[in-house]
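Next, two complexes with chain A in common: one pairs it with chain B, the other with chain C.
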Partner chain A sequence: MTEQIIFYLLALAITVFSILAVTSKLIVRSATYLLFVLLATAGLYMLLGYHFLFAVQISVYAGGIMVLFIMAIFLTHKPGTSVRTKRGWRIKSSALLSLAGIVLCGYIIITNGIRTYQFMERDGFTMQEIGSTMLGSQKGQYLLSFEMMSILLLACIVGAILIARKTKTTDHDTNETDQ
Partner chain B sequence: MQLKTMLFYSHPLELTRILEAIDTFLRIHLSPGLATLAEGILVGLLLLATYAMIALALIYIERKVAASFQARLGPNRLGKYGVFQSFADMIKILIKEIIQIKKADKLLFYVAPFFVIVASVLAFGALPFGMNLQAIDFNIGVFYLLAVSSLGVIGILLAGWSSNNKYSMIGAMRSGAQFISYELSAGFSLMTIVVLSGTMQFSEIIEGQRYCWNLFNGHLPAMIAFLIYLISGHAETNRGPFDLPEAESELTAGYHTEYSGLQFGFFYLSEYLNMFIVAAVAATVFLGGWMPLQIKGWEAFNQAMWFIPSWVWFFGKAGLLMFFSLWVRWSFPRLRIDLLLNLEWKYLLPANLVNLLVMVVVVLSGLTLTELFPALFGN
Partner chain C sequence: MGEFLINNTGDAVPVMAYQLVSLIMFFAGIYGFFTRKNLMMMLIAVELILNAADINFAVFNRYLYPGQMDGMFFALFTIAIAACETAVAIAIIINVYRNFGNADVDNLKKMKG
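Presenting the complex of A and B:
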């Protein structure tokens, strides 16, 4: 009963803020609405007893990615002015894209739903279980090798910064005398 | 029953017994669902009241300590030694007008302080204040705390932007950069201790430190982690020598320049409480939390130590760390922003990563004090 009330509240929050995030004309507000959606999703995880996923959702999405979004928006030109909606093929193509997204996600959820449900039967996972699953090498335990691939991304970013810096060294030297 | 009476005689000032009495009283008079609801509300109210009281106490203590560092008297008019000064300040801030700004983004301007205070209340709620004095004992306690406290920075960024003021904006950007950078260090230093204690649950971390605090148990890497945690904790709370988001001389008051009345009060309150949360986490994770000083084999001594209730130990340890924080604040000059970010990215973070590795080696090769001297420190 209580769980159902909380679920409906969270679902309502997710729906309302998702719509607001898309329809808002001010980009910073849109980002804030998106943040509320992510927080409410974290609430759903909490309701399911998935404490680890709850904390991951908050620290990665709310604390990390949203901060990055907001910082990036601040760097854009005049983030405070409201945006005019563009008519025409853009609306149609994005509608088609989101429809395709819904179909794809729905297919994945339905095909994997039964399998996930088996995991959900349990009360929750301990930190130790999650740790050994991440580092294990049995079926469904290859998380470490998957995560190791992200180091490749990091190397790319570092390389990009290095290349970008090299061209700017001469600029930098001249600027320093001005300061 | 036997166990309960024993608990009562050996730990006379613990709050466990009162809490149990309230619990049985509620369960007799209400249906189980309603009793749980009532208890939830009571715990919530109690936490909020403690939150406000700690903030008021801290504001008074900070003013007195700051005064003594600067050879002044500090507040001394209201009540004996001015103890009611912060209550008077609170009443004043409650009746101040909340000024609306014309060209600000009103919604975000209004929402921003709530982010800051909700993040700090969420973190505050999960702290173990004493034996059985913890609202919720998450399996992932440390991680939960890191996650919810990372929400505060969004409030600061939104506050700075929505004020439509250049000073606020610069302050918010500085604060955001500072918070995100130092959060890494704080997280890594706590992870070092998670490696040492093998769990993220606060109750288990505290139980593991019964005879030997983590600070000594992990000797060298634990001490480095402690130092890094204290430094990054100061930086995260925008205090001490790291308070440049609100550098008065250049940015008036940083991200909360445009705020007035209770909205400013929220920022102010959460700043003090974040200081307390950092000290409390450091005390719990490194200094044994609410566990009284216990020495293996000295049964009479241990028994005597339990006569001091666990919450006094907790607040004592946290208070000591907060005193250090004030000491640092009034002893070191403010850093420049580039030096501040250099300190994090060029020194603390690499040191932290190496330290984490050292800790793993220490734990795996059994070089912790509990494993080296199980007779003295082993659980």
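Presenting the complex of A and C:
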């Protein structure tokens, strides 16, 4: 019963804050609502018994990505100014489209959803199980994906630095050619 | 209907409830992606969409295959990919801001050609 009460509180928080995050006019507020959504999602993972996923969600999403977001917002926006949105008919048609999508998928979930399952009580996975699954190379283990992820992170760091840095020499060159 | 009542009055939260939560989050993200002009706001909407997908991975793993952890690892790798994607997207947004003075998406028409 307690589990259900906690779940419905988290579900209410996720619903309200995700709708507020996409309708708020101020971008810093929007980012803060996104932070609340991510924290409530971490709560759902805890409720499911995935403690490692909970920790990763808090530290990577709510910690790392949100700091990046807020830094980028303060680098690119004046605080306190509201952002522009698209014209009225665009907003109306996209709201209609999203509502239609919710109704269609909700109907499918409610009529054809998974009703017959046996909910098995179990403790969370131990760190040893998680580690051997992540770093094992047998069937059902994820060493290859883990290494691919490290290469992806390296490529992402190099790409982000290459895109975002100020290239003084090339700026100078283009200025000279412009003149 | 009988199983639904049994599952609903038991201790466990039904799968359907988790699915409906992630459905609402997903379509809130879709709405934000279509209505916003600002690149940061569109990135926030994309984060909502990715997060909704993560919830589904974890829930299906926990309820249907509680002895395995494939869904959990998919969610973990999705979180890592989302971090990469955010970093590169923010680098691009800062570059757009540096070139055009604001971070609106209709600037990108005059990028090239």
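In this section, the second predicted complex is superposed on the first by the 108 of 179 C-alpha atoms of A that agree within 3 Å, B and C clash if a C-alpha of one lies under 4 Å from a C-alpha of the other, contacts with A are read in each partner's own complex, and residues count from 1 in each chain.
Assume a residue touches a chain if its C-beta (ideal position, glycine included) is under 8 Å from a C-beta of that chain, and two chains touch if they have at least 3 such contacts.
In this text the structure is predicted, and so the values were computed from the model without any measurement.
After overlaying the two complexes on the shared chain, residue contacts for A:15 are found with chain C alone; chain B is out of touch. Looking at the shared chain after the overlay, A:27 reaches chain C, while chain B stays out of its contact range.
After overlaying the two complexes on the shared chain, residue contacts for A:51 are found with chain B alone; chain C is out of touch. Judged by the touch definition given at the top, the superposed model places A:159 against chain C, while chain B stays out of reach. The larger set of touched chain A residues comes from C, when the choice is between chain B and chain C.
By the touch criterion stated above, A:112 is placed in contact with neither chain B nor chain C. Of the two partner chains placed by superposition, chain B and chain C are both touched by A:64.
Residue contacts after overlaying the shared chain place A:132 against neither chain B nor chain C. In the superposition on chain A, the residues of chain A contacting both chain B and chain C are 1, 52, 56, 64, 125. Of all the residues in chain B, the ones that touch chain A in their complex are 33, 105, 107-108, 111, 138-140, 143-144, 146-148, 150-151, 153-154, 157-158, 161-162, 164, 169, 173, 176, 180, 183, 198-201. Residues 3-4, 7, 10-21, 23-25, 27-32, 34-38, 40-41, 43-45, 47-48, 51, 54-55, 58-59, 62-64, 66-70, 72-73, 75-77, 79-84, 86-88, 90-95, 97-98, 102-104 of chain C are the ones that touch chain A when the two sit in their complex.
The touching residues of chain A, when paired with chain C in their complex, are 1, 3-4, 7-8, 11, 14-15, 18-19, 21-23, 27, 30-31, 34, 37-38, 41, 44-45, 47-50, 52-53, 56-57, 60-61, 64-65, 68-69, 72-73, 75-77, 83-86, 90-91, 94-95, 97-99, 101-102, 105-106, 109-110, 113-117, 119-120, 122, 125, 129-130, 133-134, 140, 142, 145, 149, 152-153, 156-157, 159-161, 163-164, 166. Of all the residues in chain A, the ones that touch chain B in their complex are 1-2, 26, 28-29, 32, 35, 51-52, 54-56, 58-59, 62-64, 66-67, 70-71, 74, 79-80, 124-128.
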